[in-house]
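There are structures below to look over.
You will see two complexes here that share chain A, one where it goes with chain B and one where it goes with chain C.
For the complex of A and B:
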């Protein structure tokens, strides 16, 4: 086994160990929150790529999460039976639509989840490209405010649109079928399989990002982060790399939104809220900015604690405090990659200073 | 939000003018405390870092307000008259509170302009904004200026909160949209130009109010942000700002 595969294997081992622990302590219901944590972690690692490696902040990723979730939820719950036209029958013939029964036994004709997922990702890519171009030209606090603004626009639109359920959101979203008879759904009977599915997808995403960081693109991004003008002078198309990373992390958020919506069987406007975006950024910050594993492990711990309700009514305040403390004392992030070597240097420097008179 | 909320609470046992003055003073102190606790001691913080810290602080203030005042919607009584009385101005019936808002707003702008242009302190503050290091070389205490600017903007925010809250009401989370609107207006008018900001604020308010002709009311909030984005994308110097001046700033 190559050395760089070790963390992936270790993390997979941790996931198995957690499942076994819940099995032996008789607490399998924890797996539900852990599965939701997995999907939120997908957003976090995507955002970590953008913040840590491309050096661009986004306070609007909950917006992309919501675009993914809402498009998928709407398409898989909207009954097309009474909207029969040429386009609908064409879709029906090509197998893109499915008949199913709702909870009351009535029949529904809706878009197939896979097609809905594809539509959700396509829309996210389109939006991310459209706003990413001009947004990423901005720097510093203008970038932060612009992305925050995009998040709020999405929030306002889903909150104010009647067919998206307004303040109630969309419910009764069906499960997401996967090959091999698997189904992404919140049913207690498929809790274990869904837990592994979700974390499997996260690990898949991690491997993708880790390989990307090790590639030409990753090195280019590191150069952009270090010194954008110098990178530009070396012939790196900085704007294009930043935009592509932005779109990639938006897609991560949208996929997470689609899957969590199918898992929870619904989505509400709070998923698009500013607090969610701030929370993702806070987790990336505490995870060490340019440290995918740090972000992932912090996301696992903090999202889980938050979803289990350990923070009580102080939920938002906890993430606000985390953000303040990190930005005050460790603006490079807490679990940054060179933390160990930095600490070592600090320890070894002290005796050296004593020697010099 | 803090200004409105504290004024409402203080008004329970103080007369209205005194409650508002005290609320403004309290908010100024809170502004100073926030600056001293979170910003002042940082060594050359980047603007982005300060923005993220202040976003964190605003979440914290909001949560504290939620725990102190709960989710209830509150309001101050009208300064004169009541919510149903109105004043006839040449055939147009205007609520008296609207006149208070316009009057006090105009007074605030006028005194700010005077402060920045006529007093030594105001000029020192502008020098810091233009070039911190050069200002420091001239013997200006830049750290104190930043604290003062926090106090000043906290005061103006609190005054604003107190005078509009009879009309718009105030709630624990009514601060966030206002903060974004404030940022939009500041950008729209060109940063550091308070007279232009007034014009920009009027344009934004009118656009937002008339947007309900073509779009559902629920999208009203999104309008001001869409305008913010459009300005940032196409004319980051603001509609009244000069392009040359903007080029000197980092966008």
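For the complex of A and C:
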């Protein structure tokens, strides 16, 4: 029990240490990119579950992120005051709508962020089930191509839809209220609380996934990944398990999309772009495929560097190159789960091999 | 009482009639052997019966219900579990983990319960483990519980695969060449194990090339050649059957 939770505690310690470091070095503005990194990491760990543990690729997860972000952004910014029908009145009476003021002092009647978030998740689940059913029957690069298609479709839709802001996206999205008076928002005054909130959510997500991996379902997924026909012969409905994992990882992406959109106060079509999807896959790959902690730590480093602009104009290229290099030279990723034992074996075996001519 | 009844099934692969109008019954509590020369269609019959393939025609009745249209997974849930001619253990998983997977149909923690690690899942896991150790002890592989299954000796891998199948508590166990690749001592042990499994109340249908094993443990034998049944009888009678002797002439180990 204790051993199992050690990495979680260690990671939480790292998050605290990073915050303290920004405090003592007088660089609290780094926390903004670190908070955004947290939400992208939520996509990465969900995708890692799908790729590493269910053995299915998705090059369309930026699409699910965007579905989440756009649905929530639209519902929390669309003014319903001039659309008062029976349905709107009903929503208003049931407390699903909120009155608020926009930055210019005008009043708005919009959907409550919680309801918007629920709608975003529901739509994502529906799309993931509808698309995942037929698509997950495909294997290898066919699956990659099909999921790539999902991402492209979402991208073209948000880019071409006027009420979703077309190329400009949606802005002036309000903060996301949480119990205890907390608010997910990018205001400098709540930078520290939002940093901890975001990483707290990531850690919660990690705990859920780690639990899942160690459960009956996780074992079944490992079996499906290892020998699909034998798993079927043991009564595991392989197609259903793959589909559920696909939907689960899509929900992780959508929740990340919702929260980051409220944090950034907006979302644009580039979030649905193919290169974003490639980036998520590249990070899972370099993190070791079936290694949640590897994916999370790589996400922390790479997303942060990218958001700080270290890769300059080569930002997308960097992730493309990473993916190519990993596929060519280390298909199991750099941070494989068995890396330590492999190293030990190499160290203990090599001298013996050199002795024999 | 008949547990499995195969009635007039056929399967075509392109121009090849791999199984043709084949019928046989398996009585509950018996060991039935399916023999025939290489390429006779034995594995294909297993695939048809266990839902990995679907017959072009004919009916398969298992436990009183037609199953020819069911998926392999649904067939397993109904209590028919198979092993594979080429061992299919789960790689990168220990012997224990392989057996634990076998308990899948007898447990129910789903995605939500697993993620939330609900208390009932802990109890369930404990039960799964206890049962798995029971099975490993019965098979004499408990000492290897923590070993990666695919790193074991070939003969032991076969035993693990059977253990995994037994963990499902099947009504009918399908064994595709359980003695293939085993040495003589291991083959004799395998025969004893299969008899023991039958005595536990599990009906066994097996494909096997080792004739001494087949003749020793089977209650009944079906002989197939080119996808058709050419004989079905008790082992002693099969050994004297002229048609069978003719088919086996050339590779006359029996």
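Keep this in mind: the second predicted complex is superposed on the first by the 352 of 357 C-alpha atoms of A that agree within 3 Å, B and C clash if a C-alpha of one lies under 4 Å from a C-alpha of the other, contacts with A are read in each partner's own complex, and residues count from 1 in each chain.
Keep in mind that, in the parts below, a contact is a pair of C-beta atoms (placed from the backbone, for glycine too) under 8 Å apart; a residue touches a chain by one contact, two chains touch by 3 or more.
All values derive from a computational prediction rather than experimental measurement.
Trainee: Chain B versus chain C on the shared chain A, clash or fit?
Mentor: fit
Trainee: Check the residue A:278 against both partner chains and state whether it touches chain B (first), chain C (second), both, or neither.
Mentor: first
Trainee: According to the stated criteria, A:150 is in contact with first (chain B), second (chain C), both, or neither; which is it?
Mentor: In the superposed model, A:150 contacts chain B only, not chain C.
Trainee: For the combined three-chain view, what is the angle at the C-alpha centre of chain A formed with the C-alpha centres of chain B and chain C, to the nearest 10°?
Mentor: 80
Trainee: Kindly classify A:216 by the partners it touches after superposition: chain B alone (first), chain C alone (second), both, or neither?
Mentor: second
Trainee: Report for A:235: first if it touches chain B alone, second if chain C alone, otherwise both or neither.
Mentor: second
Trainee: After lining up the shared chain so the two structures overlap, which partner does A:328 touch, if you call chain B first and chain C second: first, second, both or neither?
Mentor: A:328: touches chain B, not chain C.
Trainee: Looking at chain A, which partner touches more of its residues: chain C or chain B?
Mentor: Per-residue touch count on chain A favours B.
Trainee: Closest pair of CA atoms, one in chain B and one in chain C, after superposing: how far apart in Å?
Mentor: It comes out at 8 Å between the closest C-alpha atoms.
Trainee: If you lay the two complexes on top of each other, which residues of chain A touch chain B in one and chain C in the other?
Mentor: In the superposed arrangement, which is not itself an observed complex, chain A uses no residue for both chain B and chain C.
Trainee: Enumerate the contact residues on chain B facing chain A in the complex.
Mentor: Touch list, chain B to chain A: 38, 42, 46-53, 55-57, 59-60, 62-64, 66-67, 176, 180, 183, 216-219, 221-222, 225-226, 228-229, 232-233, 236, 250-251.
Trainee: Quick check: in the complex, which residue numbers of chain A touch chain C?
Mentor: Listed in rising order, the residues are 208-209, 211-212, 214-220, 222-223, 226-227, 229-238, 244, 248.
Trainee: Tell me, which parts of chain C touch chain A in their complex?
Mentor: 50, 52, 71-73, 76-77, 81-82, 84, 88-93, 97, 100-102, 104-105, 107-111, 113-117, 121, 124-125, 128, 164-165, 168
Trainee: Name, in rising order, each residue of chain A that touches chain B in their complex.
Mentor: 57, 59, 131, 134-135, 137-146, 148-150, 152-153, 156-157, 159-161, 166, 274-275, 278, 281-282, 313-314, 316-317, 319-321, 323-324, 327-328, 331
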